[in-house]
Amino acid sequence: MKVQQRKSSFVISFLILLLFWVVFSGRFDLFHISLGMVSCAIVSWFVSDLSIPNPRPMGILRLWYNFFLYIPWLIWQILLANFHVMSLVLSPNMMERIDPHILRFRSRIRDELGLVTFANSITLTPGTITVHISAYGDLSVHAIDKDSAAALPGEMEERVARIFGE
Amino acid sequence: MVNTLPALVIIVPLLAALMVAAAGFIDKRACFPVAVAALSVSFLGAAALLVQVVNTGLAIEYRFAGWAAPMGIVYVIDHLSALVLVVITAVSLVNLVSSKQTIHREFADKEGAFISLYVLFTAGLIGMTATGDAFNLYVLLEIASLSGYALIGLGKARAPLATLNYLFLGTIGATFYLLGVGYLYIATGSLNMADLAAILPGMKDSGIVLFAFIIMLSGLFVKMALFPVHGWLPGAYSQSSSAAAGLIAPLTTKVTVYIMVRICLNLFSVDYTFHQLNVSDFLVWVAIATIVFGSLSALAQTDYKKMLTYIIIAEVGYMVGGFFLGNRMGMSGAILHIVNDAVMTLCLFMAAGIFLWKTGSEERGDLKGLFGSMPFTMAGFVLAGLSIIGVPPTCGFFSKWYLVSGGIAAGQYAFVAALLFSSLVNAVLFFRLFEISYFEPFIDHHHGSDDGGGHGGAGAVIQEAPMAMLVPFLFVSIMLLVLGIYSGRIVTNIIHFAIPAGVI
Amino acid sequence: MDTYILYSAMALSVFMAIPLYRSVVGPTVKDRIMGVNAIGSKTTVLLIMIGFIFGRVDMFIDIALAYALLNFIAVLAASRYFHKRKGLYQEMDR
Amino acid sequence: MDFLTVLISRANYWAYIILMMVGLYAMIAKNNLVKKIVGMSIFQTAVILFYVSIGAKQGATIPILRHGPVPEGGGIAHAALRHGTDAVQAVNYINPLPHVLMLTAIVVGVATLGVALALAIKVYKEYGTLEENEINQRLRRG
Amino acid sequence: MKLIGKMTILLCGILLIVFANKFPEFGDPHSPASTHLSPYYIEHTMADTAVPNMVTSVLADYRGYDTMFETTVILTAGLACFFLLRLPEEEEKEIYFRHVPTGVTIRIEECGAAPEDSDVFQRIDAQWVPRDIIIRSTSRLLMPFIQIFALYVVAHGHHSPGGGFQGGVILGAAVILFAISHNLRTTVAKISETSAAIMSAAGVFIYAGTGALCVMLGENFLNYGALAPLLGTDRVMARSHGILIVEIGVALAVMSVMIWIYYNLSSAGKQDEGL
Amino acid sequence: MNLISVLLIAIGLFFFLGGSIGIIRLPDFYSRLHAAGMLDTMGLFLSMAGLALYVLTDFTFANVLVAIKIMLIVVFVFITSPTATHAIVDAGVRGFREPWTKDKKGGSSI
Amino acid sequence: MTMETVLSVKPFLAVLVSLVVIPFIVVSRNQNLRESWTFIAGTIKFLLVLSMLPLVLKGKVIEYTVVQIFPDLGIAFRVDAFGMLFALVASSLWIVTSIYSLGYMRSLDEHSQTRYYSFFAVALSATIGVAFSANLLTLYLFYEMLSLATYPLVTHHQDRSARTSGRKYLFYILGGSIGLALPAMLITYHFTGTLDFAAHGVMAGHINSGLALVLSLMFLFGFAKVGIMPMHSWLPAAMVAPTPVSALLHAVAVVKVGAFSVVRVFTGIVGVDTLATFHINGIICAIASITVVVASLIALSQDELKRRLAFSTIGQLSYIVLGIGLLSASGMTGGMLHIAMHAFGKITLFFCAGAIFCATGIKNISQMKGIGRQMPITMTAFLIGSLSVVGLPPGGGFISKWYLVMGTIESGQMLLLLVLLGSSFLNAAYFFPVFYNAFFLSDPEMTFENRVEEAPIWCVVPLTITAGISMVLFFYPQPFLNLAKLAVQSINGG
Amino acid sequence: MIWQLDLIILVLVIVCAIAAINVKDLLSAAILLGAYSFLLCLLWAIMGAVDVAFTEATVGAGVSTVFCVSAVFHTTRRTTD
């Protein structure tokens, strides 16, 4: 089973990496493609047990699909938050408007990758930064003002949880 | 068929260094034989090159990657470089053979790395000597320097600090050299020495070329430890382990002097160096200062190895001063002294290694009674000392002869006086050592017992160093005599062709 | 358009002085790391812009990409110092 | 040529001199070994700046041959190229030689940096400090 | 010392400034530097080596010999760091383990050999860093992409900037990233010091060996044209492929040396706990 | 098309400026990170998008790849930037640096 | 007069032979074997030298170039009359001294005898090398070799006084040769382009008067072994050496090498004409005379026998220099002859001093009261030796002094004649007390009363031989006289 | 070569260099050295030296900073100048 797992994770990473190679390379003659194959094989052999510990081919596809759905929303959120922080920073009475504080809460996401995605999303959204995250989902978040903090955990957590099927 | 010898001389050590580096992690026993074999091949190659050059009288050019001179990198083996190549490979080989046990004792689990660095250092020097490309020289200089830092750095307790200082100054020197190459490049657009030499006479009055000359020479002066910038040398050399010192001390400064000679003669022409610029007088005075300073500082040392390092500084003064006398005699002397001083210094540092092996100390006072307990070693040591002093028929005398003759011919009596002064100081230094080892009773440091008693060495048991150390050492000390006797041949057959015809 | 990009690049390089100011002056080391990080992101854009100015953007992307990736490693290494060690002032007291 | 023109038209050279002197100053006059190492790094990069400035060529593009035709309006840094032909002309490309040399110099720089830092660590292990004057004091005392 | 330093610098600076004034115009296409040698490289690179990136062709072919030693410089640095810093392996006095589910740290004294790592018990450093899942997961995610990018850089040195050295450094940096985000011991277990050292020597050996192979085929050292019969191409393409081969050697050497230096520098020679 | 890219780049620059100003004005480094890390990332995203669009004005296959690569940089930055920010914050926490809050002014804003 | 040149390897062999035996000496564990090697070498060397004598007496010159070190200068040997004279003295006396050392060293049971014999052999090689050298470079080479080889001999006892003396010895000898002789040689080489000894010197026409004077003085003081006055004090100090060493080296090899070198340089390099035209000889004579007188006066006040002999040597050596400085044929003949005559006389004296020390352990003259009765043979030999040194018949010294006196008269230097005669008187004055003490006084403690107890036979025989030769030379000085005359002829002839 | 950018970056580079050797904390010096290499990378790119820029980016950002920080980690941050 272990060998099986390794094999499939090898194949998955190989395919993904080959895609990247093609994008990087932009050359499709035999020579470069074969070079790419070799390179991808080497890298996948090297990292297959690291990056994709338990491969589920269909799961990964679904995950990615969900993920791509999540991204536009995230970007929109980030943009909104950006304008908010921007207005904070550029406002003459900035010192009155900001109110940095740390808030702590526990996320219901259990998947490690999910937690990381969630934490990074929080950080990416201006106004909030994940200070610490434990393996059990305890987050401490530094927020620059009350408004930024208000949205947490909120919708973002829902969406991330949905990606990772929880 | 291409003559591949010039490439082999450096490639074989390089490949061997790689193998040794790997072998150090696989099977340590393989390191030493591989290195010795490679250096032997390199030595034989260098000797064959020398013979070829002397026989044909023509420089051998080797084109790397098959590209002709200004485009690619070429090696040019002429009389001068072939001679220096032989010296480098020989010194390196002999010292490696003799220090097998020392290496084993001092760097038990890093033997592979040490030998690899050792061979890389040699390869760097070989490349510096043979290359005909100004920039390639920089790269090889850095290889030699880096491996040199490492070799020195793992010595005695103060070695890291001293080496760090060496590293700083060495980097300044190398970077200045690189800057000089850049200035030449900006002025001419070329990096090949022969090509540069062809272009430069057309732009004698260019300030850029002048500055290139100044900055390159200042860089090299730092590297060769000329007087005001000598600070790094004593600490670094005296703190290094004996196997490393036996390699680095004889070669580094000499090869740097060689490069200076090469740059002044073959890159900037004789005409430019000696007639266009009036720096030679000034540099001779700097050399005089170096000699006097080195000699006086050597007098103040009680540590044997530290004394040697100051002597090296003084010897650098000999060579630089002799070269900048600007006449055939002086230059012959300087070039001959490159050879002789390398062998002499090697001999002295090998002796230091043996003393260290024997007494565990490099203090002057700990040489007590060694004449009695190790007569053969001391015989070789005396020969080396006499050679440094300049007593005939050891080789030191003959190079000094040329130098003094050159000094007289150039009317630089101060330089002559400095040389003689330094000879006398060396006599004092070495006879002080001889006296200590001759008159005072032997103390066995390893066993803590005083078995000399009464007359020094009268009852001492003969306890020579191991054969593997002693035989190369004696070989080198006999070479001092042989070189001395054949110095005439060296000068007439080799060095005279190395000096351009323009020099009187 | 290229002129526009040139001016944008100039503006960006002027903006770069501000994080640089933070990393030069910045009271704590963390401020400096942050400044460097900010310089890094601006540099990435700037590299691409230079590519446009040279008209050879395909050649500059690789640099920018490598830059983005390695900047991350440098920042990580620098902050890693604090993960393992205490702050400067405590070290001085010690 | 008035002062400002000289100042600007050779700005790279002035900058290299300043950087070089900054590095040299740190190497000579600073007391702390790591500071000296930092200075050394700066010193070396100054030379790189010098070389790269030698290689610079007005109106030329980067030293990688173009495959296709020149795009319209693409690139203002190499105006010459636009009225060039398809044939490779030296005047259209920046001199690659200094770049090659400087790759080597950078490599040498990082190698030296590594060795220097290793030595600094050893010095610290030996003396417990990186300040040269403190080390010297310690040496003098014992 | 400071005064001397300032004086020296003043002197050097004045000297440099005086002479810098004599330079040709900055960026002048007609300066000697731009007209003497470089036109040959620019105009012949395609015909000689079929490599559009002149820097690569000059680096690995025209001046390939330089580059071989450049790689050797790096190897030397690796060897030097090892030689200077590496301490002999010593019996470990204390070993720390962490029970992952509870987060309890256990300290074991005077044990002979350390017990194996398991999912439950994890060996940790004395200066323990709590397992930061963000950094760890991100690095893990990024690693393969960095590596494939690095390999791309190595392979496409002919057509775009990059080549063996840059690719090698990125590869090395990827491993360093792994070491930073996880810990040194895991990394050393994955790529041991021995293999790093041997790989670095092997990398340079690929380079020098290619050159030596050319010598054996009866041409000058590093003249890749000699490889044409072996590769089954014409001489120009053989040069191109030869360049690729040596670039791979450079990449291998640089990568492993960077890892090697990092191992030694970050643990001060003990190779147990890194940065 | 060009107009959009000009606009995007302009907005991106604006964000960069904002991030820079934030770096100066905000009181302590936790809050500065909000500006430095995140506004910059957004600026980068927007300007890169503008540039990618600009590449696409000459719509060839090679240029599409270039655009994809540019966006790939953005993706990487979106992954690395929060991680780096987090690492710096973590460093701050481990350096026992109290965040600046309104009640304890001055605390660590030096 | 053109000289016929013969190429032969013999001079080189003569130099080499004692070097070749050194390994055998070192390896030999057996004492007898070791010393027999010394004898074999000595005999071969003597025979080699002797075999060249007929050729030289026929006015031919033997040449051999070993190696060409500089384009026009190499290590080369050339045997002419003067060199032959010196070589003959040195090689014959080596055999005698070897016999003597055998007795002396064994009876005193000295340590490190192997080293002793080895360096002895080296010293002899160097001496012969100096004698046969064809140019100044070769001469210098062997001169230095001799200085260094004698250092271990001088400091043989390895005690504190040996160390001090060794230091002094090296300081003067090496300091002189490196500091003065070497630069003088190089300057000469620079200006003249050659260092070969020529009959009329090589300086003429190349060097002006001031430089010639400076160079001459540099040579004179640089070859410090000749012991001209300010550079003399190493000689008494070196008397700490075992007596055979003092005997051979300080009566024959070392000091005579100094004298020989000075003569060679003055005649072969500087040239008699140059000396005369620039009036350098006057200065040299003055310096030599002062040395003669002062050394003799000092010798008077010395109580230790060997020290007295040492100062006597200093004085006698200056006779040689003086003889050359006279520039007259007889003077030069006398000077050269004095090398031989003084050697035989002085070695006898040293042997006697050693024999006395061997037999009784006494060093001072004041303690020797009545010793003549105990050691009649020794003291008789002493008498003959001192007669020779003082210059009275039937000692060989008379001949040389005669020629010296004739030389002063020839060149009309009456002041120098006075010096010569006066110093002879002084010589007599410092030797007279020795045998007066030995034969006519008696010790109050009657130590030596009627007990004939000579030194070992190995000591007595050599001193008898040398005393005999000394006497024979008075009656039959032909070999040396002919050689000296030939030498002077080649210098003045043509 | 783009001289306008060149000038601006040169100023920044010099400021950064001077700051790197004057800052009173070795870790900061190491980090500023990293920033210095970032800026240099830009400078090379501006002058068209893409390969040099690439190398500088990888070395300066990826390796030298890490090395410096490691060294500082194993020694000390304290400095008097």
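A, B, C, D, E, F, G and H label the chains in the order they appear, each numbered from 1.
Throughout what follows, a contact is a pair of C-beta atoms (placed from the backbone, for glycine too) under 8 Å apart; a residue touches a chain by one contact, two chains touch by 3 or more.
The structure displayed is predicted, hence computed values, not measured ones.
S.K.: Taking contact as defined at the start, I'd like the list of chains shared as neighbours by chain E and chain H.
M.R.: C, D
S.K.: Using only Cα atoms to place each chain's centre, name the chain farthest from chain G.
M.R.: So the farthest one, by centre of C-alpha atoms, is A.
S.K.: Have a look at C-H versus B-D and report the one with more C-beta pairs in contact.
M.R.: Pair with the higher count of C-beta contacts: C-H.
S.K.: Whole-Å distance, chain A centre to chain F centre, using C-alpha means?
M.R.: 16
S.K.: What whole-Å value do you get for the distance between chain C and chain F if each is reduced to the mean of its CA atoms?
M.R.: Chain centres of chain C and chain F, defined by C-alpha means, are spaced 11 Å apart.
S.K.: If you average the CA atoms of chain A and of chain D, how far apart do the two points sit, in angstrom?
M.R.: Taking the average C-alpha coordinate of chain A and of chain D, the gap between them is 37 Å.
S.K.: Distance-wise, how many Å sit between the C-alpha centres of chain B and chain F, to the nearest whole number?
M.R.: Each chain reduced to its C-alpha mean, chain B and chain F end up 57 Å apart.
S.K.: Name the residues of chain D that each touch 2 or more other chains.
M.R.: Where chain D meets two or more other chains at a single residue, that happens at 11-12, 18, 24-25, 53-58, 60-64, 66, 71, 74, 77, 97-101, 103-104, 107-108, 110-112, 114-115, 117-122.
S.K.: Can you list the chain C residues in contact with two or more other chains?
M.R.: Touching at least two other chains: 1, 6, 16, 33, 35, 52-54, 58-60, 62-63, 65-66, 69-73, 76-78, 80-81, 83-85, 88.
S.K.: Tell me, which parts of chain H touch chain E in their complex?
M.R.: Spelled out, the residues of chain H in touch with chain E are 1, 50-51, 53-55, 58-59, 62-63, 66-67, 69-71, 73-74.
S.K.: Give the list of chain E residues in touch with chain A in this complex.
M.R.: 131-134, 137-138, 140-141, 143-145, 147-149, 151-152, 155-156, 159
S.K.: Show which residues of chain E lie in contact with chain D when the two form their complex.
M.R.: Against chain D, chain E makes touches at 1-2, 4-6, 8-9, 12-13, 16-17, 20-21, 23, 25-29, 31, 33-35, 37-39, 41-43, 45-46, 52-55, 58-59, 63, 66-67, 70-71, 73-74, 76-78, 80-81, 84-85, 159-161, 165, 261, 264-265, 268-269.
S.K.: Within their complex, state which residues of chain A touch chain F.
M.R.: 23-24, 26, 75, 78-79, 81-82, 85-86, 89-90, 94-95, 98-102, 119-132, 142, 144
S.K.: Over in the complex, which chain H residues touch chain D? Could you list them?
M.R.: 1-3, 6-7, 10, 13-14, 17-18, 20-21, 26, 29-30, 33, 36-37, 40, 43-44, 47-52, 55-56, 59, 63-64, 67-68, 70-72, 74-76, 78-81
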